[in-house]
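Below is a structure I'd like to ask you about.
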Amino acid sequence: MDNSHPVVPYIGQAAWAFVLPHFSDYAKKTLATLIQFVEEECLPAEKLFHAQVSTDPAKRWKQYPQVIEDLKAKAKQRGLWQLWMNKAQYGEHGGRLSNLEYSVMAEVMGHAIRIAPEATNSSAPDTGNMEVLARYGNKEQQAKWLKPLMEGKIRSSFAMTEYGIASSDATNIRTSIVLDEKTNEIVINGHKWWISGAGDPRNKIHLVMGKSDPKASKYKQQSIVLVPSDTPGVKLVRPMQVFGYDDAPEGHFEVIYENVRVPASNLILGWGRGFEIIQGRLGPGRLHHCMRSLGIASRALDLALLRATDERKSTFGKRLFEHGAVVRELAESRISIDQARLLVLAAALVVDQHPERAKGALREIGMAKAFVPTVVNTVIDRAMQLHGAEGISQDTPLAALWAQVRTLRYADGPDEVHLDQLGRTELKRVDAVRAKYAGVQKREDELMKGEKAKAKL
Amino acid sequence: MDNSHPVVPYIGQAAWAFVLPHFSDYAKKTLATLIQFVEEECLPAEKLFHAQVSTDPAKRWKQYPQVIEDLKAKAKQRGLWQLWMNKAQYGEHGGRLSNLEYSVMAEVMGHAIRIAPEATNSSAPDTGNMEVLARYGNKEQQAKWLKPLMEGKIRSSFAMTEYGIASSDATNIRTSIVLDEKTNEIVINGHKWWISGAGDPRNKIHLVMGKSDPKASKYKQQSIVLVPSDTPGVKLVRPMQVFGYDDAPEGHFEVIYENVRVPASNLILGWGRGFEIIQGRLGPGRLHHCMRSLGIASRALDLALLRATDERKSTFGKRLFEHGAVVRELAESRISIDQARLLVLAAALVVDQHPERAKGALREIGMAKAFVPTVVNTVIDRAMQLHGAEGISQDTPLAALWAQVRTLRYADGPDEVHLDQLGRTELKRVDAVRAKYAGVQKREDELMKGEKAKAKL
Amino acid sequence: MDNSHPVVPYIGQAAWAFVLPHFSDYAKKTLATLIQFVEEECLPAEKLFHAQVSTDPAKRWKQYPQVIEDLKAKAKQRGLWQLWMNKAQYGEHGGRLSNLEYSVMAEVMGHAIRIAPEATNSSAPDTGNMEVLARYGNKEQQAKWLKPLMEGKIRSSFAMTEYGIASSDATNIRTSIVLDEKTNEIVINGHKWWISGAGDPRNKIHLVMGKSDPKASKYKQQSIVLVPSDTPGVKLVRPMQVFGYDDAPEGHFEVIYENVRVPASNLILGWGRGFEIIQGRLGPGRLHHCMRSLGIASRALDLALLRATDERKSTFGKRLFEHGAVVRELAESRISIDQARLLVLAAALVVDQHPERAKGALREIGMAKAFVPTVVNTVIDRAMQLHGAEGISQDTPLAALWAQVRTLRYADGPDEVHLDQLGRTELKRVDAVRAKYAGVQKREDELMKGEKAKAKL
Amino acid sequence: MDNSHPVVPYIGQAAWAFVLPHFSDYAKKTLATLIQFVEEECLPAEKLFHAQVSTDPAKRWKQYPQVIEDLKAKAKQRGLWQLWMNKAQYGEHGGRLSNLEYSVMAEVMGHAIRIAPEATNSSAPDTGNMEVLARYGNKEQQAKWLKPLMEGKIRSSFAMTEYGIASSDATNIRTSIVLDEKTNEIVINGHKWWISGAGDPRNKIHLVMGKSDPKASKYKQQSIVLVPSDTPGVKLVRPMQVFGYDDAPEGHFEVIYENVRVPASNLILGWGRGFEIIQGRLGPGRLHHCMRSLGIASRALDLALLRATDERKSTFGKRLFEHGAVVRELAESRISIDQARLLVLAAALVVDQHPERAKGALREIGMAKAFVPTVVNTVIDRAMQLHGAEGISQDTPLAALWAQVRTLRYADGPDEVHLDQLGRTELKRVDAVRAKYAGVQKREDELMKGEKAKAKL
């Protein structure tokens, strides 16, 4: 087995053994290049990135860190651009990696989560929006919006979550999308929040979901429209905070769309096809999210190791790992990460093997989505606790990472919904199980009858 | 039983039944007044308090919210001032409440944690500093610093935690405290951080712990000195963040003491008596911390109830409590809070019954300290999860409360240290247990011998 | 405080401080006597007890251990007989202890769970049956069955759980109870299981619950009838096992009642009043169950301490407590037990303070019932793990105790049902909470309005 | 992908996709045959097996169930004999399956854990003993003992665990193994317990580990000797119980070896090579144990599904899955099983890829060993809880399975030891991690310096 690949310290020999038969030479080489890029360029750039975000409220949402633009150029040069779009699913737009191959890369990027995904043009919400445009946009829409997005020249938002209603049930959406037949314009009125990326000065386009036909059947009521960020009536109300973080320069904004007017040609796919679009949007991307999270967890475990063995942090004459339950907790974090990774990779493999895309792997994707964030938060929390108060401060990345992963327990529906769906999928197995045990029972009865007959003789 | 007292909705009838025999009429009346004050004045003032803290970095640490000063006046009028100092322990400075009585009040205050403790002059770190001055300060020090602190005219800091070393082992402290015999001044040089309250413009005095005699025996090396905040050489480096929060206007600061000089009379209690002082400082205050945390948890549970039953947050036609495990989680939060409260109250009762103060209750205090913060964080986390993304934003108090309670898992030593001490206390029981079972074994042998004898007949 | 009482090593000084104001001198003295009895007589008798239960299937259910009869005589002499029936609730039949006082004694008895309860005539299911007869039986029934039960001359069963249906919903019960008007006899037909105590040769009476009027309203369909164990048609089918244990000599039997006939005077309380009877039966007894379980947990923790410090069990040159997480787990067990005890004791105090019996304390009883068994099983499991394979064998009491406590998670309804009820009780608080926060909101709005007005000036 | 293979309902499509590239056609066919055998022959035989074990203590250890011998013949016919010995490791004795291939089969066998492993001659402790003899036995020893073991004609024991000492540290072993040079016989004196299989009348040989040279270096003191079960001085003292189960007909016995004499030629491998032998014995076998446990967990989940959907077990008009947290718990069990399986399979693949056998996979094996039993017990416990009291009785297999898996938390060293080793393996990574982050730090400093330089311009 090829155990010399530089990814082995990242994912361990066991996971590497499992995925290796599915890795092309191109993927192996790209993976090695990516690791180098992350270690040499992305991780060292984090501090500068934060230094380049202004703390002055007046400038905070008007600038973006130059370092990230420099890194984008470097990533392109190294062939690390836009790796996430695979050929099978995106045709002409697609690259050369399978989901499984890219999933491993997503974990590596997770080690420098604030830098690497954006530097390689692989960061949310742009990825999901490119997915939508590549799959459902028409030629004109692709030329106007997909092209600059794929070149990393602009950024974008996806406006779905609404203010003041339960967002995990998308049928609750109330933003109105109406065709003004006189002007052949679409008129949008709605109140959204948690619109990620809306605060970025590079943001040029919102994909807005709203109700276009309240009388249609449940899953035909919604449509999605392209709204340039500078359209009159698009009002950024305020940045939402995640714990105490506002995640500038992108942010998560409360946005009001007030009598916003766009040409009818800005409708994506067709009237009432909003649900269809978001269904397609939420598959493999969730796995990539999970893998990036596992990269975060792995980094937290690395930091925990450094701290646990740091002479300067000794107490009562012992390094931290020599106290109580620390060694055990390191082991538990290691186990949690390794088994979670295998589950997500297995799901990615199933996605690759289903040309009909993610549908055949919904159960596996649901599993990953439902429990990876909790696992990762637990690993980070242990690392924070080892770091003492420093662990929850701005002096390690841990607290901000913890907060970021905590949001994943809501994103694309809360954990609870995924666990519930998964449990219901299990329940569907019951007929097959019942049939099997009915057969067992029948044969058991025969055997016992035979025994009794013998006993009588 | 008197179940009509307004505290029953706060602590339940069972805890009330347990503490009632120990409550004076004065305490019962004061408790009722406090509840009214918290509900009518403190909870409603939270929003205004935050609005009065400037977001402009240039002003953020130069102002304080006027509303809190207004409330301090009201609290004094209502006889709710400085309730935490009890007579038994503080003599002339002490008030009229036992630890148990005040503990219940601390939980009530926890419902408005940002407002009520400060409004009643019962907030950290001032409380601990007043404790030190009342117990160990001389008349002159008390006149100069304790008096204005008790009147709520100034605020204070306790500077113990040091930058770059493990703070849970206080013998690690390296700040130097040296007597310059020529000038009869004490010279302080050191690098501290997490100095709570240091950013407040009302802060006038730091109690600084440092090493005065590195050659003395382990627990005689440290001294504590009074350092006025405006002494030359006291440099506020930066506010530390807790999950992105800077907790202005007080904050938690990195502070450098560079050739800071104060008169020799600013030494508290005597040279080398720093450990003795901090030992006295950490007893009942920990219980009050725990009770305030349980108030926070109770509020989080209240918010969870409101959300779980909110028609507007229905998904798929059901309110949240009608889904899956919500009802069960509410029950688990209720049980966690109720049993934790009883444990802390029992510890407070033991403290009251030991005139030698907290020493007789170290085991009970340790238990409370070791597990209450984890319990409270779990209860808040469940409440956050019920609230969806709103729960981790600035639109509910939950995320900030979670972050604040998370710090308690480090304050005064991490959980792990308390669990370890508690486990070692258990181990000390082993001789008594062994003696008991040796007796059992002896009698068992006799009985079995008798049986065998009988069997032989 | 009186910290010299011998119960302090059992329940700790904190719980003792809390209950002391509620303990009469008689109760204190009786408690001391009980502790002596448990340590000197009950614990040493366990081995002999098991030795006196035959392993020969032919004799196993025909004998009972003589040692328990000897101990019953001793308990009577020492004034430790039948302590659980308190005067407030049982009038002429009642003893002199409150629920709270007896609850502490129940924990002490739990240290010798197989011996002490029966030796003091305080063991299930006799206690519950005596409760029913004392409260609902007529004079004739009391003379015939309650008297010998209270004297410890006979034993009894309560036959509720039915074979093949979900037992946590008592409306499912199908056993038929029909009056044959010709003979004025009651005819019983049904299939029960898990009838505890039915295997004991001293068992003389079953209280059988069944459906007497399927057309009545839901809670009026059931009746309870006294059925002497030797009535024709009462068939013991087999002993049920609990993790391989059959709990001889009492056992838990599958029992078929086939055309069993008893005089109409054997009906308890009246036709259709079965539910009313079992409602009354399940209050304080549940708390006593919980306290006994906590005695079991405390014993398990004692055994864990002995093992963790045993030189002979050293591995790699260290005693067990010197490895990894052992000390921490001891601490966690100690915290779990101590806080659970306080919760149950608080519930017992509330019961005492409600003359209308347990109804006012349903919430507290439900909490105790829902989580104490899980806590206790966890404590025992840790103790087992420390003991290695010996811990799950017949050479320590741990495995059998674990199995016994595991059954409590089903008895009187599974954990889940209690958690659900408790959560629904919480939900009932929501109107009060909403009203409170509406008031807060109103005042907050005024304050903010004032602030804005000021800002405009 | 070939998703039609009958193993898919057992391990899911994701795990199947992962292992498929490593499965030979022979393995795929054999796996299908095995599934049929387990469903049609093994599961239905369980009841008969138990019926054929006598409950009469006089006969209990003198007989064995005939049904298992019938099944052994059937397994041979179907080519399902002795599948676990793979060619790579056992040369001439080996079969045709890799560890990975066999691991999947081990899970399938776990569904009928009491029957399938023995019926296919793949049950402990015979497997481990055959391993030892195949690898370390000489030709003569192989002819005499390995051959009949491989033919399923005799059974065997491995006598390592000693009475009264901590067994997880094998250096504690005290049984003496001495060469009597006069007679050229080996003399064995020792007191063992938990000797699995010793009670079986078909047991013909014990492999006994003991101390042959107390003065040798630590890992050279022990030797292993072949002791025929009927050698004078081999005394079966009593069967140990696991909870209340004695696991007849094999059992786990306390055994005294009193002046037992065997020819010197019964020594395996050589004097002082006991440790070397047991090191080799504990590798892949542990993975097979884990996979069988996961088969047990999967069966428990199947039973949970059946129960949760059973109309007859409805309470309050709802089936169990319609209550509270049941669906969620089913999901959690599914996730736990699926990720644990992937971890074990990945470890098996690594073992296959390391010709030097298990050493290269110690970390992965340790992970599996440390946490799979806990996962499986949790899954079974949930299934038991769903079944009510029936779940802990003899009427479902759940309680016995739970107890059996509980023992795995001690077997081959307790969980704690494996977690500790795993944590220490993590700590070894720290130098590489430190080097990596030192590089990051260096580059970060350069970047920040550049930024400052720019700022100055």
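General remarks:
Labels for the chains are A, B, C and D, by order of writing; each one numbers its residues from 1.
Throughout what follows, contacts are C-beta pairs under 8 Å (C-beta built on N, C-alpha and C of every residue); 3 or more make two chains touch, one makes a residue touch a chain.
Just so it is clear, the structure is predicted and the values come from calculations on it, not from any experiment.
Among the remaining chains, those touching chain A as well as chain D are B, C. The chain pair with more C-beta contacts between its two chains, of A-B and B-C, is B-C. Averaged C-alpha coordinates put the centre of chain B at 50 Å from the centre of chain D.
Centre-to-centre, using mean CA coordinates, chain B is 38 Å away from chain C. Within chain B, residues 324-325, 327-328, 416, 419-420 each touch two or more of the remaining chains.
Taken in their complex, chain B has these residues touching chain A: 55-57, 161, 164-169, 171-172, 194, 240-246, 312-316, 320, 323-325, 385, 388-389, 392-395, 399-400, 402-403, 406-407, 409-410, 414-416, 419-420.
Every residue of chain A that touches chain D in the complex is listed here, in rising order: 1, 9, 12-15, 17-18, 21-22, 39-41, 43-48, 51-52, 67, 301-302, 305-306, 308-309, 321, 326-332, 334-335, 338-340, 342-343, 345-347, 349-350, 353, 360-361, 363-364, 367, 370-371, 416, 419-420, 422-424, 426-427, 429-430, 432-434, 436-437, 439-444, 446-448, 451. Across the complex, chain B is touched by residues 324-325, 327-328 of chain D.
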